[in-house]
Structures are given as structure tokens and as C-alpha cells.
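Chain naming follows the written order as A, B, C and D, and within any one chain the residues start at number 1.
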């Protein structure tokens, strides 16, 4: 029996990100690897491997007809971390093909960034640094008039997927109260993860720290509208770390700039942000250019999880590290 | 039997910090309280209360002769958090008087600030915010070329007292390796707290994150000299959060500004820093004006710990929350 | 639109176990419930509900043809906790029907029992109790000549499914080293759960405590044969808590009785054990009659998880608490 | 300067317990060691070493006059784990001599035993084992009619010293509610350790599991009298693991035997228990002959803590592992 065939078609991921030498060596030890970088693999290449391929890594389009021509296919692994609309999710599931995403690999880095943003906002780190350079700094409690802390804080999460699950353990040592609004998860599940289920009203009106971690679906786009955002307590610290589309972004920036609450944003409705976007002139918002998740540590984690699960699958065992597509949910998520 | 007398002489702590209404009420329920704010209590007042006083809160000078005139004295509680040289530590211990400090109350806030500084340095939070305003930001991995993470990191602590004990639990969820240099604590004690004992060389040369948390004693002043600081790995993140005097401060700033390592400093050799200090013009150092510990949350913690332990002591039980003076160590610490 | 139909056919589970009043009320609030207790639901009843049923709770046979007649079916929930061979797993998955098991609900109770057995064996609890009644007890260290402890111990797990995942957190406060042999899970997955991957040889020869937690498949029946069991270190504590068939049961009892290692067994090749089985006369083995998992607390947990996930599924969200069938694995597991 | 002198006089501890070869070697590397085993060191030996001795290990009587003849003395380390009345505690403190006890070294083993007893009682481990031998066992839920679990349980602790602090972390993974009655410790201190402060009534009437961990003082002897014991809920599991004198022992046994609650006892008013003590005939009580703490693992811990702290003290640093005497409390504790 010949060794299993792996199609490695990870564009826009680069070899540096997902196919460094140790990874290439590890994959070569598991099967025959066909790679294509720099663009999506051309149809001719895909057609050629379909009859034999066992694992596809990348965002290769896999509609019904291609699935039908891939009798040995066991897994499709998206290393970009989202659910692309170019896969026939239900049919793949029907065929027993695992459709997997590396989204969980990004979550620790995003969670770390969230903690960093939260402390920076609550402790006024940037303003204090600026004041020191200006010679207007105050020492000790005089410089901390409006500082507050994560210890024992009321914390709200909007959305509880990979990001929430990674964030909660980082917050636990501060012994906070963590409430979550997520209509997709049950109270019992949240309790197991150390969080309380709450309504959106409760989370918005009762949180000193608010982390917006919800993905955007066809149904929740813009659900944090101006009225909702106005429920946030005065001077709370708000971190937007998932998708800009879940909020009325203009209202969010306006309220943050006006000092209604403290605000850090890592994601934008349009990226790159246009050079002349007025938000570049804002004084009170902490900006990060979609840097929370996509760091080298995250790619190392993707490589590790991918190798781990390809090993599992080729040995006939279920994958354990990457996230499985829920056909219904995968279809509802809006990719960009 | 008359109720115990408590002298409350906390200057420079203010009523707002350590004697808010609930605290005053709680103390009044435990004994007769004599207060003096705005300056050290005058000798006449101290002399008047000595024959009866059970607990002194503050930095009242308590040399041998005053101790001898205080037959009921059970505790001296320094709410400033250091060890003042104006107390006869050995004689107080000999008399069975607890000498206590609120230093542990400040440690959680400092530890939180350390985590915030570390993430800000490693993730280049300030530079990325500045780049966004300048229109030079890069997105995703392109904006993270030199970002790194606490997850799985090699972390070094110089000094392991209250600050170290508060910091380690906040770092644990990142599953780092934590090594500590502290000649005053044993390897077995560190192991119990989830850290490894190491030499100064090991900590300086092997840490991606370095937290300087040592107090300054008559012996260790300036021990992090230029040669020592030059051992730190290129591009490490260094946080100075205890006392500026433990390092050659000029060398530290120079190396930080030159980009040899990333640097955040919260403490300075002279505070306030002179208006014309050249360090105000540095571009690459993150400055904080002694703001890591002294925030309102810390004063709430002081009040709680103080009330808790006064209750213990007046009930005839040992204090459990505040830190006890070690006469030998208290004498060695350099107060400012 | 009419409310969803739930078929509740949980035999041999009784109403007391899985359908107490609060559960009945909760289910009634979610849909129309058709129940059958005391035997498997008759074919006529099943046929009647198939056209409408949304959720089946129980071990109702669901071969391909029945699946085909159940266009609204979203989930089959086995509240017995195993994978019955009477379900067409692959076809159910192909139709997008969740096939779920309550196995995780039993795991905490089993894990607790394992800790109890381990301490009882290592500390010689039963022998010491007997000695006291006999008047032959010895005090302190004299009575502890052969006692040992979980603290810092070398612990081995054979199998890492629901039981292993529940057991490891209970062992962690003892700061042990935990090694796992499980060919179905990857080293990376084990590391995330605080355990090390190891070979069977390593686990058998290097463990002071050995927990046998593997399920029995068509491939691993009897894999802990006499030669394997003879690798276990002298005087180790061995707990058999999953399925008797994974071991050569006679050899296991013989070695336990001979004092080669200490032994607790909760499962047997034939249950009930025949009245005249020679093992009833053994002196040195701790026996438990399949009591580790099936306690009232576990049924409460089943009810909670079942209600939680039925709520999720009827709301169009994925289940989060119960275990999903892996078609390939479900087929390989030998049910009894 | 000559190396420090250590007097090692640990009777009734034996060399095997506290002076094995690695310990002897480690001590020899720290100073000159004078040892005496098999009895208390004779006065002549003590008199001889007093002028030079730096550290005394053991229960050597140290009244005021001996203290006065020991100008270099820095520490007295009791390796038996209690506070003997033969030491002038206040005067030792006045001289700056650390008086230390190895009590914390025993606590982990006692805590482990407590967990083992609790599970054995709640899960009916011994009765089930007996039933199996008798051929009267029942399987699964039928054999678990009266079993219950630590998961989510209401747990009460009477006393919160070394034992309580060691027990709580072992219980935490079961996510219980832990309430503590201890008049010597404050609510704030308990909260830091994950427990709630409660009245004795609350702890006695509200606990499914009750751990009696209080030491006996001149004031609390027999405070758990028959009336108090009668407050315990029917069928609760009660573990007596500290000192028999805190309870009306006869009433305790009587209620345990009668099945009012489940009972395990590790300590007795008189040890050894007289051969003809009627309690030997009881059927329903789990007996352990003062075996909870005194196991080899505990002596290894004593040696480690002792070496650790002698190293600290001889280096001029405060001890960190052993427990310090509180003069007032040491005097109140009743030693046996």
C-alpha cells in the first residue's frame, strides 16, 4: 500500500508560516506531500491529486463534485482559521471527511493581547507614559486618580468561542466575576468554564471590563448598535478583538473618543484602514492593526496542532486539537 | 475593663486612603480610636496614649524608651508598607509586640502592572498605536515581525518577596518557565511557589522576560551594574518595578534606549524626576511614574488587611494578613 | 409551526434516573414528549413518531431505514453512556444527526472512586481497620511501614478518554508525574491536559500508581496479559475501573492476591459475578461491584447535560456537553 | 571563624526518620553536628554545647537559664511537630531565637488520608468490599443506593491550621462549598484560601462532609460534646483527624456506630487503645491507628524542610518552610 497523499495548498499562508523545515520533515515522514505556494493551487493540480489525496491542507475549494472525486479524502484542514464558503460542509460530513480549522491556534495570542489591552486601559499606561515625557506626570496615588484593576472586577464577555475559552483562564488569577453573553452556548457549559451566563443587557450594563469576542454571522451584524453601546457603564474598559462588523463601528469610536468608556480596537471594517480615515486623528482610542492573533507564536501553534491531528487522522483516530466545522455554523459565519 | 486604645497616626497616608467611614466604624467597634492626620502625631499626643495604647497604626517613632512606656502595646502597623528605621525592632519583638507592614497589600497591583508592562513591551503595543496614528501601520503578521508572547516563555525574576509571590500566579496560565534569583530564599521554598531557583547569571542571560523586583538593602545597592545588565539577551523585555537603586539606572536607560532590550521603568532614583532630566527625551523606554502599586484598589486592600489583623490581635490571636517584621531584615532594608 | 417532538425511550434507565419531575417539566417546556419506560419502545410507537421526531433519547434502534423515515431528526442521545451497535452511525452523521452519549456524565464519579481506591491501597486503609478490630494495630510510623502517598508519585494511566480527563484534575494537587499510554491520542493533546505521553512499557514498569481506564475495542481485548501485568513494579497500586476485558482477569487477580501489587477492581468479565466464583475468597484484593460510576450524582449529571444539549440543539446550536460519536470509533467499541 | 555548631537531639525521632545519610551529609556541609539519639540528650551534653550552639534540632528542654547560656543560638527546631512546654517561648522570641516546628510537614499526609476516608465513607467502599466477599453485592446503582460524592458537596472544617490549609487544595477540584469554623482565624484569611468563615452551628448542621481538624487547647477540650455532635446531619461523613480530646469521644463513637452519621477516626484519647476497649467491637466505624500523618513521606518532608530552613538561618535569612511558634499559642496548646 502506498503512503498517503497530502495536498499542501495553504495560500495566503506562506512556507515560513506553516511549512518550515521541521514541519516539512514531519509531514514527509507521514506521507507523500504535494505543495503549492504563492496562490491557490491550480485546478489542474487539484484534479490530479483528487483520486489519491488523503488530507488537504489549505483553503482549496472543495465543492460537491470535487469531494466526489476524492474517495480517500479524510480531512480538509483550513490553516487560515475561518470557515470558507468554498467547501460543501454538509457533504464532507456526510462522507466522513473531517473539516478542520486552525482557529484555536490563534486564540491564546488574542487572549494575551486582550489582557494587555485591558491593563493598559484600566491603568492608563499610555497616558502616563506620555505625561512623563511631557513633564506633567504625577506620582503614586496622585498619578492613579482614575486607575482601576482587574482584581475582583466585574468582567463581561460578548461571545464565548475559542477566544473566550482562552481568555478566561488568563483572567482567573485576578479572581474576577466573569459573565458571558452568547446565545449559542448554554449556562451549564459556561459554568464548567468558570463563567456565568447572562443577558446582553446584564453584560453591557454591569461590566467594568468588556471584551467583544463574537464572530460575525448573517444574523448578528452590527448588533452592538449605538443604543447598545450607550448601555456600557461610564469609564469601563472596552476591548474589541474579534470582528469589527459586530458593532456600529463609528458609534464605538465616537463614544470611545468622547471618554464615555475606554477603548482598544484591533479590528476594522476595512483593512487596511484608508490612509485618510478620520479615526487616525483620535486621541483617546488605543489602536492595534489586527495584530492580536497573527504572530509567529500563533503560527508555531498552528504547525503543532496541524501535525498532531494529521498524525491522528492518518492513524485512523479522530483529530483532537483543531476545531471541527459544524456544518450549520460554518455556513452562517461570514468570512472575509 | 475598658476597651482597647488604638492610636491612628498614619501620615502621609490620608483619611481617604486608610480611614474611610466604614473603616472608622469598624475600628470604633473594636476600641477607642485616637486619630491624628496631616503630620506625624506630636510627641505630646503619643506620650499621652502610651500608657494605654494597644495598637499603633502608622509610622510613629517607637524607640526603646517609648516601647518601655507602652505596657499594653500589642502591635505596630505600618500602613506605608516599608520598614522605617524609627522603630526598635528587636526590642519590640522581645516584648511580644507584633510589628507589621501593609507591604503585601501593594503587591497585587504591582504584579498586575508588571503583566501589563510585559505584554505591552513584547507585543509592541505602544509602537503599534503610534504607527496607526502615523499611517504607517502594518496588519497581521507584517505588523508583528518582532512581537513575542508570554506563553511558554523563559521568565526571570530578580527578587522573590511580596511582589514575586503575587506575580507568579498571574503568569502561571501562560505556562512559562519561571526562574528566580534571590539569595534570601531557598530552592525548596521557590519550588512550592512554582518557580525554580537560579543564579543571577542564569536569570540574566536566560530570560526573555526579566522582572526586577528586589528591594534595596545596604548590601545590594546597584548590584545590577552595567556589566550585569549587558548579560541580558538581545531584545528581552525588562520591567523595573521595585526600587531604582538596585540597578545602575543610567546604564539601564542607556541600554533600553539603544534597543539592546525593551524596558519599562516604574521607579526612579529621585522622585519626582527633575523637570529637565534627559531621560524625558528617550524614545524607546516605557515610563510610569511610580504608579504600579499605589492605586485605590491597594488602599482598599490595606484597610481590609489592617482591620482583619487588628481584630485578630485584639482577640488574642496572631495576625494572618499583614507582613511581620524580621528584625534583622527590617534593619537591613533601606527606606526612603 | 408545531413544537418539536421528543421520543424518550431510555430503558434500562428508569424515570427515577433520567426523567424526574424537574426534568419532565424542563422537557415539556421544550417540546412534545412521548415517553416509554420499562422496555424498549415497541416498533409501532417508534414508527408512529418517526415522521415528526426531532430528538430521540435512549437506545432506540436506528438503522438506515428508520433514519430515512425521520426527516426532522436532529439528535439521538444515548443516556446509557456507551455506543450501541444498533445505530447506523455513518448514515446518521451523513444526515447531520448528532449521535450523543452521556458517557462524560459518569466520568467524575469514576474518577473520584479511583482516587479513593488509590489512597485506600497505598495507605493500607482496609488492613489497618481490620488490624484495629483484631487488636493488632500499630501506631504512627510503626503502622505505616508499607504506606505510601500520591504526593509527588509516579502515576500511570492506561487509556485517556472521559475517565482520564476527569481523573487528572483530581490528581493534580498532589503534584504527581502523570504518564499516559493511549494509542488513540497524541502527545500534544496529553500535554494540554497536564500528562505525558508514554509507551505501554514505560507506563507499566514506571508507575507507583496504575489506573486502567481503557475501553475495550475489537483490537485491544486482553492486551494486558500476564506478561504485561508482570511488568508492574512490586507493590504498586493498581486500579481497574473501565472494562475487565482489557486484561487477563485471572492473571490480574492472581498477581494481586499474591501481593505482587495492590489491586482494586470495579469491573468483572461477567456481571453479576457467579455466586461460587473463587475470587470471592481472595484476601488481598479490594472489590467493588461496578459501583464506580453509577451513582445518583451521575444520573443528576446526565439529566443536566441532556437538558443542556437538547436545549442547544432545538435552538439550532451545536451540543456542548454530551459526547459525540466518532462513527469509526463507535463501531470499534465493544458494547456489552 | 569556626563553623556553626548544630545540636541534633531529636528523640523520639530516630536517625532513620530525620538523620539519614543524605541529611547527615547536608548538615555536615553546613556546620559541626553533635548528635544524640535514643533518649533526650543528657544535661552534661547540652551544657557542653550551649556556649557555642547555633541550632538545636529536637525537643531539648530550653528554659530561661539555658537560653541565657546560649549566646549564639539562632533556632530551636522541633521535629516532632508540636509545641512542647519545656521551652521558654517568650524569652526565646525576646532573644531573636526562632522556635520552629515541623508540623506543616505532617499535614499533606493527613490531608490525603482525610480525602481517602471521606471517599471511603461516602462511597461505602468497605461495606461494598465486604458484601462482595459475602456474595451479597449489588451492581451499579443498586449497589449505590446510599453512596454520595465530594463533587459539589457542602463541606465543613472544624479548625483551620496546617491540616486545613493542606486539605482545601485537595478538595478544590471537586468544586465543593467549604465552610470553616475556627475562632482563631479571620474571614478574610479564609477567603484567601478558598473557604468561607462560618459559625460552629453552621458547620455542624450544614455539612455533608465534616472534617475535625482542630488542635486541643486549654479552652476547647471536649467542645464537640454530645449535644454538638447531635447537630450533625443524618448520614453525613465525619472524619476525626487531629486530636481525640476535642470531642466527647464516647458520644462520637456511639453516634457513629448507631448510624447517625458515618465516621472515621484516626486518633484516640489513649494510645495505644487498651486491648479490651469496647470500641474494637464496633461494626460501623472506620478505624485508623494514628496513621494519617506519620508515614515515611512525611519524614522525608521534615528532613527537606529542616535542611532548607537551617540553611536559611545559618545564612542570616529568615526561615521559610517550618512553622514559627506564636508564644501565646504555643503556651495554650496541650501537648501529649
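Definition applied: a residue touches a chain if its C-beta (ideal position, glycine included) is under 8 Å from a C-beta of that chain, and two chains touch if they have at least 3 such contacts.
What you see is a predicted model; the values in this text were computed from it and never measured.
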When every step has to jump to a touching chain, what is the lowest number of steps that links chain B to chain D? 1
If I average the CA coordinates per chain, which chain comes out farthest from chain C? B
Do the two copies chain C and chain D share over half of their interface residue numbers, or under half; same or different? same
How many angstrom lie between the centres of chain B and chain C, each centre taken as the mean Cα position? 50
Distance from the CA centroid of chain A to that of chain C, rounded to the nearest Å? 34
Mark out which residues of chain C touch at least two other chains, giving numbers and ranges. none
Graph shape for the chains shown, where an edge means the two chains touch. Line, ring, star, complete, or other? ring
For each chain, which other chains does it touch, given as pairs? A-B, A-C, B-D, C-D
Contact set on chain C toward chain D in their complex: 17, 108-109, 112-113, 115-117, 119-120, 123, 125-126, 128-129, 131-133, 135, 137-141, 143-144, 147-152, 169-170, 172-174, 271-273, 275, 280-281, 286-291, 294-297, 299
As the complex stands, chain C meets chain A at residues 90, 93-96, 183-189, 192, 304-305, 308-309, 311-312, 315-318, 320-321, 326-329
